[in-house]
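In the two complexes below, chain A is the common chain; its partner is chain B in one and chain C in the other.
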Partner chain A sequence: MRRVFDRFLTGLTALCALIGVSIILMIVAAVVWRGGGAISWDFLTDQIRLVGASGGIFYNILGTLILLVTALAVSAPFAFGIALTHGVFLRKTRSRERLMMWIYVLNGVPSILLGLLGFIVFVLFLGWGKSWLTGGILLGMMMVPTVAVSLSERIQALPSRYLDAAAGLGLTESQRIWSVILPQSFGGWVTGSLLGLARAAGETAPIMFTATIFAGATLPTGIKENPVLSLPYHIFILAQDSFDPATGEKLWGAALVLLLLVFSLSLAALPLRLHLHEEAKTS
Partner chain B sequence: MASVGFTAFAILFLIGMVGIFLWQSLPVWQQEGWSYLTGERWFFRQLEFGILPMIYGSLAVALIALGFSVPIGVGAAIFAAEILHPRLRVPLKIAVELLAGVPSVVYGLLGILFLRDWIYSILTPFDPLSGDTLLTAGLLLGMMVLPTIMTLSDDALRGVPTGYRQAARGLGLTRAEVIFSAIFPQAWRGILAAVLLGFGRALGETIAVFLVVGRQDNVLPEHWFSLRPLIEAGQTLTSKLGGAETHIAYSDPLHWAAIVGLGLVLLAIVAGITWLAAWLMRAKEVSDAPGI
Partner chain C sequence: MNTKAFTPAETCSTTEAAPKRPVLECQNLSVFAGSKCILREISLSIAENQVFGMVGPSGAGKSTLLRAFNRLIDLQPNFRIEGTIRLNGNDIYERSVDPDQLRSRVGMLFQQPVVFPASIEDNVLFGLRHHRKLSRSEKATEVESALRSAALWDEVKERLKESALRLSVGQQQRLCLARTLAVNPEIILMDEPTSALDARSTESIEQLIVELKKQRTIVLVTHNLGQARRVTDWIACLCPSKESGSGQLLESACCDSFFESPTCRTVFRQIPDDELLPPA
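== the complex of A and B ==
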């Protein structure tokens, strides 16, 4: 009886894992099957034409990249600040746990609320209209917890002999940070940023009221009233009107490009992460 | 010092968000009072703002999502952490990692083109109006939060020191008995935290829900346990916020306040849930006994 139950549990949990794996396989298969045919050099380098039914997604890709680069730049100082505060300045104090709770809560804030906040602050108060910079700032704030946690984990994992050696050389705290802690934990920033960017790349909710439009934008030339096109918003708009067969393949093609972008970002983050994770658990 | 400044700003960002939402939604609280939360009717042209149907919609889709993702996610986590050969863990983790990365708009697209039709054909005996239902949104959300629940449960299970497993196996327990009598009592806090974080994510998800929920205002069940609204179109806090009304609302202060109020309510619910989850995980870290 006990053995039967053991077998049963093994089978049941294996089935659960199988369902999880088959969901991802089905998603990839569906997107590749429907959108694979649309991918061509012209599709990637031409601008949008005929409300998405013709032409390509060049400025959508470019717009998404502009948003991501801005988000990366915005998130970095906050992430370093939080990680150093958490991992170095608040080491061995109770406030450190409290800071972690804040970061968790910040991480849990639904992305549509960042969009709403951005709309109130940048569109209504500052009168920026839709601007690529608003989108970059909002996506950057969304990334901050992911990057900060990844960086802070790495700082805490630094071998204490490095810090002892630095202290032994008589370095001041800021010298220790600049010459030991930051260079040694740089990988944590890269990993966290890749993960954060993977999440930010697919977000529609924060940028749809604040930064992106469907058609008619190219390269931004200033800040105010300078929206960009973007991949997620393009898909979001076309998806609501998906009965036109001409847009169909282009729509799935755009989804495939977005999926590839997101997957390559998260796969790039993976080696460092898996390594660290498994090591941390077994030691 | 600059570090502390940026940290302070990030915390102030959160407090500022609450402050701005509170301030911008003030007119509707003055006008409607508590009946903003308990009112069953939202008709903005008549300046009636009751958001109970949207709270119901949000809870309904998130609970359906948990009903799908908790058994499967925790099951898969048990398989990955306790049963699967360590060498096969990595491919499974990669698959789950990729699943977590799929953008919500892609889920929404798949929902529109596949899930919606499947649900419609399955529900045919109940005579639904369309495939855009709370159930469709809930199932789609279930797939979306599955990786969150699985990864965090897996972390919770792996956080139990190996010594407990060895000691329990040494007593002659089967693997299933080890899991239920030695691992779960240690890991339940982490698993509960995983479920809560999944719940929070499901409540806050906008785009995929928006595309398949039908966005029908003022849907409430006739009595508490009526399941009928689940197979009809509904509206959630997020699908309302993401919709066209947000674009037109700011010309009228009261209407705008009612829209921002949705954000405030959503933020309060999700932040509360996330805080509870973080507290559960922290308590676990503190109480972690050194391994045997």
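== the complex of A and C ==
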């Protein structure tokens, strides 16, 4: 009886896994099937024409990359600050737990709320209008929890003998941070950032009122009133507003490019994550 | 010298003919982790240019005592000490003392060699470069002299830029010693420095210890009584008390008389290495 039940559970688990994987595969297959035809050199290097029915997505790719690089730069100092506070400066377990709780709360904030916050603070209050910098800052905020958690896990896993050895040589706390903790947890920052970027790349809600427009922007030349084009917003508008069948293939093509971008970021993080696990095994 | 129950025999035939100046002393030192007492009322005195051995079964608090000597214990949450530790007559737990500066004067060598994932050269300079600015030529001189003092120079002089992780465990331990020596501490605390090493590496570390005491004071925790006999001048024996489990000082005596002490012989039987006991 127990054996049958055991087999049943194993089968059920396998079925769940199979369903999960096949949903992803179906989405990927649909996007590749419908968008594959749109991908060409011109599509990747030309700018948008005829409200998306013609031309390419060059500035959308560039805009998304600008937003991502800004987000990366914005998230790093906050993530390092939080991870060091958690792993080094806070001595009490209770305060550490409390800090972590707030990080998870921040992680759970719906992205549309971040978008509204950005709209109120940057667009209206600071008077920036739509700006790439606002989008970068908001996406950076979204990334902070992922990066901070990944970093502090790395710091936590750092064998204490390294810190003891450095302290035993008379290094001060800041010297220990700079020469032991940061170099040794650098991989955690890379992993967390790649995962965070992969998520931020596809976000529409935080940037739709604050940073991105559908057409008419190229490279930003300043901060105020300097929006960029972006892939997710492009897909969103084409999917929602366009009745022109010619845009259909372009829409799927843009989705495929976005999917490939996110995929390659996640994939780049994979070897680093595996490497981390190997290190944990040997130490 | 604070000894309990047993006064060292007057026939101390070691180099301790004339009493030397105490460098490190502790008086009624107790260490607590939370509410648990790990060490209770330890009083001992370590003389200059001496190899001071500490033996005792596991859990006797030997490593904790070492960590109290250079305040590495401060980095462990919930640890608290009572009593005093004096370095050259000055209380090291006084408010005005900078623990980081203290640790550069009281170096430490650990049970497992801890090398950083960097070149051999960078490992040697790891501590020193934080204490003062070094020119390129000074760096080269410091690296050579530290590696020579740790008897590693001849083996690595051709490959100073290579990763230190490629060295054998024995070489890594000598590299750690070189790194500690580069900072030029007055005292070196060694926490079972040879327990991870093979016989040949152990022998070379032991020779180094004897060599180093000409200029420095060494506190050596060891499980190996043979090693204690070979290299130490004075030995303290710590043992956890039967009732509370907190470590207590059973004996502190010059090496020769120490091995004849009846209290210590009882304790030695609890140490796995007791085959090294001198014949009764």
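Keep in mind that, in the parts below, the second predicted complex is superposed on the first by the 267 of 283 C-alpha atoms of A that agree within 3 Å, B and C clash if a C-alpha of one lies under 4 Å from a C-alpha of the other, contacts with A are read in each partner's own complex, and residues count from 1 in each chain.
The working rule: contacts are C-beta pairs under 8 Å (C-beta built on N, C-alpha and C of every residue); 3 or more make two chains touch, one makes a residue touch a chain.
Please read these numbers as outputs of a predicted model, since none were measured by experiment.
Asker: Taking the superposition on A as described, I'd like to know which of chain B and chain C A:16 touches: first, second, both or neither.
Answerer: Once the two structures are laid over each other on A, A:16 reaches chain B alone.
Asker: Considering only the touch criterion stated at the top, classify A:161 as touching first (chain B), second (chain C), both, or neither.
Answerer: second
Asker: If you stack the two complexes on chain A, which partner ends up touching A:121: first (chain B), second (chain C), both, or neither?
Answerer: first
Asker: Between chain B and chain C, pick out the one touching the greater number of residues of chain A.
Answerer: Of chain B and chain C, the partner in contact with more residues of chain A is B.
Asker: For A:175, decide between first (touching chain B), second (touching chain C), both and neither.
Answerer: In the superposed model, A:175 contacts chain C only, not chain B.
Asker: Can A:91 be said to touch chain B (first), chain C (second), both, or neither?
Answerer: second
Asker: Kindly classify A:1 by the partners it touches after superposition: chain B alone (first), chain C alone (second), both, or neither?
Answerer: neither
Asker: Can you name the residues of chain C that touch chain A in the complex?
Answerer: My answer: residues 70, 72, 75, 77, 100-105, 107-108, 110, 112, 114, 116-117, 126-127, 130-131, 176, 179-180, 183.
Asker: Would you mind writing out the residues of chain B in touch with chain A in their complex?
Answerer: Listed in rising order, the residues are 2-7, 9-11, 13-14, 17, 20-21, 24, 71-76, 78-80, 83-84, 90, 92-110, 112-114, 143, 146-147, 150, 158-159, 174-177, 179, 197, 200-201, 203-207, 211, 238, 241-242, 246-247, 250, 260, 263, 266-267, 270-271, 273-275, 277-279, 282.
Asker: With touch defined as at the start, can you tell me which chain A residues reach chain B in the complex?
Answerer: 2-3, 5-6, 8-10, 12-17, 19-21, 23-25, 27, 30-31, 34, 77-78, 80-82, 84-86, 89, 97, 99-113, 116-117, 119-121, 124, 141, 144, 198-199, 201-205, 208-209, 232, 235-236, 239-240, 242, 251-252, 255, 258-259, 262-263, 265-267, 270, 274, 281
Asker: Of all residues in chain A, which touch chain C in the complex?
Answerer: Residue list for chain A touching chain C: 91-92, 161-173, 175, 179-180, 184.
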